[in-house]
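Below are two complexes that have subunit A in common, paired first with subunit B and then with subunit C.
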Partner chain A sequence: MSRQDHIREFAAKALTEGRVDYFIGWKQGHNASEVVPAFVKEAAAVDQLVWNELCHHNLVTFLKRNMPDPAGAKIGVCVKGCDSRTLVALLQEELIDRDRLYVVGVPCDGIIDRRRLEKEFADEIVAVSCSDGRVSVATRKGNEKEFAKEEVLLDACTRCRYPNAVYADDVAGPPVPEPDRDGAKPDWSDVAGYESLSDDEKQATLEKVYSACVRCFACIHVCPVCVCWDKCVNRSRQPELVEQKVGTKQKLLFQMIHMFHVAGRCPSCGACDRACPVEIPLYLLHRKMNKEIYDMFGFEPGTKLDEKPVFQLFDVNDRFGD
Partner chain B sequence: MAIKYLKADALPALLEALAKNARVVAPFKRDGVVQFEPWQSGKDVELDVLLAKQSPKEWVFPQCETYLKFGYRMEEPAQGATAGTATGAEGEAIGGEGAAAVAAGAEPAIPHETVEVEALNEAPAQVIFGLRPCDARGFVQMDQVFGGYGGFYFDPLYNSRRAVTTLLAVTCRDPRSTCFCTALGGCPAGQEGVDALFTQVEGGFVVEPLTEKGEAVVGTAGGDLGDATEAQAAEANAVKAEATGKVDVPFALEGIRDHLHDNIDDPGWHDLCMRCISCGTCTYVCPNCYCFSINDELVESEGERYRVWDNCFNPLYTEETSGHNPRAQKSNRFRNRFSHKFWYYPDKYDSLLCTGCGRCIMHCPTRIDIREVLRIMGAAPGAAAERAATTAVTPAATGAPTGAPAPTDGKEA
Partner chain C sequence: MADTTTTEAGGAAFEAAPGGNAAAGANVAAATGDSGDRPVKIIGIVCNWCSYAGADTAGVGRFRQPANVRLVRVPCTGRIDPLFALKAFEKGADGVLISGCHPGDCHYSEGNYYARRKFELLERLIHHLGIPKERFKWTWVSASEGQRWQKVVTDFVAGVEKLGPREGRAL
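Coming up: the complex of A and B.
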């Protein structure tokens, strides 16, 4: 039985038994190269649910404040390993009522970076499929190309330490092999390039990447652990703490606030990076923040349900920088 | 007007010539992302990627523009002074505050505060090259709201830029699966709002000047721009016809306006908005979402007033001073975007507010599909639920066209 079949079965059962009001999974988007979040209300409609290498959306986004509709809805949700860490981060902070959730963990072999594929073609990608570690891509004009899966994975997936959900009520099929987390520390080599820069160069880099920002706020809205919603300091007018003006200074400030506010809660799921319409490398910058948290506190956000979030604790042995 | 031909390798020279008298803006690829940017010698215009991430809207309607600067001053009474001399003529014309300061200035012999106001409106001549006909049509649709339709309102900032902007559109050779211009009365070689239309043919472009501004461009190009041969003109026509045939017609426009009105309380809105994350991406990539908010920024005694894009998905967009928000729910805000474009804007301005470029579909973080929304919520009441069920099984745009191009009146053609 495939993971997809497991998901459909769990969804149908939960809907039939009334355990949930609706079930959130993934379904095909407007063509075979897109997957979008699916909200299923009836057991008869579970056949639209899919599981494949395009299911990048972190559905925990739809559990956070103001998202459940109606507000007190009982919700079923699919989570990959990285998604489950954002869910655990919310549960640790008691921002979601666990009793209203039904969580299906989906063991994950890695998700394809569709943007990386887009860079390979001038025309539009209309179909992506994956089998035996090969990814086949077809475009609207009929170009076809094949890639090795490991070459087109999301950056987050190439260094994944939690391929299985860390918290779930049911699991869609057998777990995938876990990396040796105790033996190997996280691989932070992706942020080494940024860290090797001088302070001035870092500033210049940040200004360059953030100058493209259009302040659409997709990054913070899609972020599962970014929960301030309409009370976000970046939009508050009373008091007006961050200028609404769209200059590099303001963009940088806005993004820095986001980054610091989710520090210690963000497991670098990369949802912000994929949502950004102008492709700011948000993932990388959040990774850098996570490395700081790890180096200072040895803390990996959202990995243990009974753990307190790092910034809600005080330990005399904490090391605040050098 | 005579149809011209421009060799592909003569394009940089044309842009260079245009750049002598105007800012030239065109799509360029930087770090893999295509955006409209000012042209500089040596940069290659990106025409292989059909659509820049954002429309060129911001070059006429900037995301953020400061239009007033003001400063407060303590004025010591000068001998014989009876009025606030520091207040300029423009300030008096614009500001109630300025006028008040003048009145206060009439009080003799007391130190008093005055305000200086300076109006800003920069509108350098510019040429936008490489936009698509849908982008150009976006300006025409937006003109209605800024341009004083029926003497309603005339926006000096927008119009001063619009008046000095020349639009050189390039025919879409390879429409995307997300394009639906033909359903809205447009086409991959549409001429609405276009000053000169460039169509890529073998070795270069067939150039059709369509307005006086377009003719001026032809004049600028001089010898590089020769007359097109009949074969070249025929090839351009073939390119246009082929491209038009490639655009899906995902819905019939007829009736949508009325049905959106009828379906305002339909629970279908809730279902459709479930995957919306309430960000503003769709509105910021849109060629004619025009909503903005106005802010004053004051640092000590110096301040500025600017307007900045806002979007109807922003929870604060409709929040009133009292704290009441008439569109408190995500579904209310979600409904607004589509209703605005296809119901109340047409009602008020006799024009759609959508050109079918499909950017909102491409860049939505959860790929919400405006075509799907219109198919479901633009259907007759009662039929909505039925269509929703169909759509759930058959994803949009993979199937055959569901309707013929809608009849269009003169304004929309």
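Coming up: the complex of A and C.
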């Protein structure tokens, strides 16, 4: 039985038994190259649910928004490993109610970076399929190419340490092999390039990178652990902490606030990066924060239900400062 | 993108600084880093119970110290949002100094225990932004440590002066 069949079965059962009012998964988008979030309300409709290498959306983000809507709704949701960490981060802070959730963990072999594929073609991609480690891509004008899957994976997947959900009520099929986490520290080599820059180069780089930001707020809307929502300091006009004026200053300040607010809860799932219309490398920047937090506390956000995020705690024996 | 750093010009007068140094950070496009000889401006964020009182002790004791630091008094270091430091840099501060009660001495028992975790990450974020480490410091100064306050401020200001005023940077 495929993972997709498992998901459909779990969803149908939960809906039939009234365990959930609706079930959030993935379904095919407007063509065979894209997958979009699906909200399934009836058991008869579960056949639209899919699971494949395009299911990049972190569906936990709908919990942060929809938990109170409608008030008391019971929600089923599919999570990959990285998604489950954002869910655990929300649970650690009691920002969502565990009793109203039904979580299906989907063991994940890695998700395809659609943007990487788009760069390989001059026209629009209409179909992406994957089998036996090969990814076949077709475009509207009939161009076709094949790639090795490892070459077109998301950056978040190539260094993933938690491919199986860290928290789930049911699991869609057998788990995928876990990397040796005890024996190996996280691999931060992806941020080494940035770190090797001089102070001046860093500033110039960030200014250049963030000057493209249009402050559409897609990154913070899609971020599952960015939760203040209607009270966001970035949009507050009274007091006006981040000015409405459009400039690199404001953009950079806005992003640094986001980085700080999700510090200790963001597992660098990369959802923000994928949502950004101007391709700001948000994933890498959040990785850098995660690296520092790991360095400070040996802490990996959202991995254990009985932990609290490190910035909500203290230890009198902390060795920081002079 | 039409929207580049050049649209920033003229947008960065540092309102918080008395004396109206409107030139400060006014032209982000001209990232020369060389701004002539204005004195450096430093924002000090201090808790009411220890470091503010410590600065007072230094004043009462007539310990000489540089006059570049504008103090912002907050109830406790636990009240200091890392945004305050970033905002100060955004508004054109040349350095930011944070100080509060020594661990164990916080007026509210544990404010500074929470705070120091945040400050450590803030410091790392600030370095990540490429702001030289001499421009940001956080430390502890008690109400009775007038002399220590003098030394902290003198050393910090000297470090910032060595780099000179910051010009033409977004943050």
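Everything below uses one rule, namely that the second predicted complex is superposed on the first by the 310 of 322 C-alpha atoms of A that agree within 3 Å, B and C clash if a C-alpha of one lies under 4 Å from a C-alpha of the other, contacts with A are read in each partner's own complex, and residues count from 1 in each chain.
Going forward, a contact is a pair of C-beta atoms (placed from the backbone, for glycine too) under 8 Å apart; a residue touches a chain by one contact, two chains touch by 3 or more.
Here the structure is a predicted model, which means the values were calculated and not measured.
Superposition of the two structures on subunit A leaves subunit B and subunit C fitting side by side, clash-free.
When both complexes are overlaid on chain A, the residue A:F314 reaches subunit C alone and has no touch with subunit B. Chain centres taken from Cα atoms put the angle at subunit A, between subunit B and subunit C, at 80 degrees to the nearest 10.
Applying the stated contact rule after C-alpha superposition, one finds that A:E151 touches neither subunit B nor subunit C.
Using the contact criterion defined above for the overlaid structures, shared-chain residue A:I293 touches subunit C, although it does not reach subunit B.
Of the two partner chains placed by the overlay, neither subunit B nor subunit C lies in contact with A:E120. Using the contact criterion defined above for the overlaid structures, shared-chain residue A:A212 touches subunit B and also reaches subunit C.
When the two structures are aligned on the shared chain, A:D199 is found in touch with subunit C, with no touch to subunit B.
In the superposition on chain A, contact of A:K245 is made with both subunit B and subunit C. Residue contacts after overlaying the shared chain place A:A263 against subunit C, while subunit B stays out of touching range.
Distance between subunit B and subunit C in the overlay is 5 Å (nearest C-alpha pair, rounded to whole angstrom). Looking at subunit A, you'll find residues 212, 214, 245-247, 278 touch subunit B in one structure and subunit C in the other. Residues 31-33, 35, 48-50, 53-54, 63-64, 174, 176-178, 270-271, 274-275, 277-281, 283-285, 293, 295, 297, 306, 308-309, 311, 314-316, 319, 329-331, 361, 363, 365-367, 369, 372, 392-393, 395-398 of subunit B are the ones that touch subunit A when the two sit in their complex. By the touch criterion stated above, subunit A contacts subunit B in their complex at residues 22, 27-32, 34, 36-39, 41, 45, 48, 57, 61-62, 66-67, 69, 119, 122-124, 126, 140-141, 212, 214-218, 220-222, 229-230, 235, 237, 240, 243-247, 274-275, 277-279.
Contact residues of subunit C toward subunit A in the complex are 1, 3-5, 7-8, 11-12, 28, 31, 33, 82-83, 86-87, 90, 103-104, 110, 113-114, 116-122, 124-125, 128-132, 138-140, 169-171. For subunit A in complex with subunit C, the touching residues are 197-207, 210-212, 214, 233, 241, 245-249, 251-253, 256-257, 259-260, 263, 278, 288-289, 292-293, 296, 310-311, 314-316, 318, 320-322.
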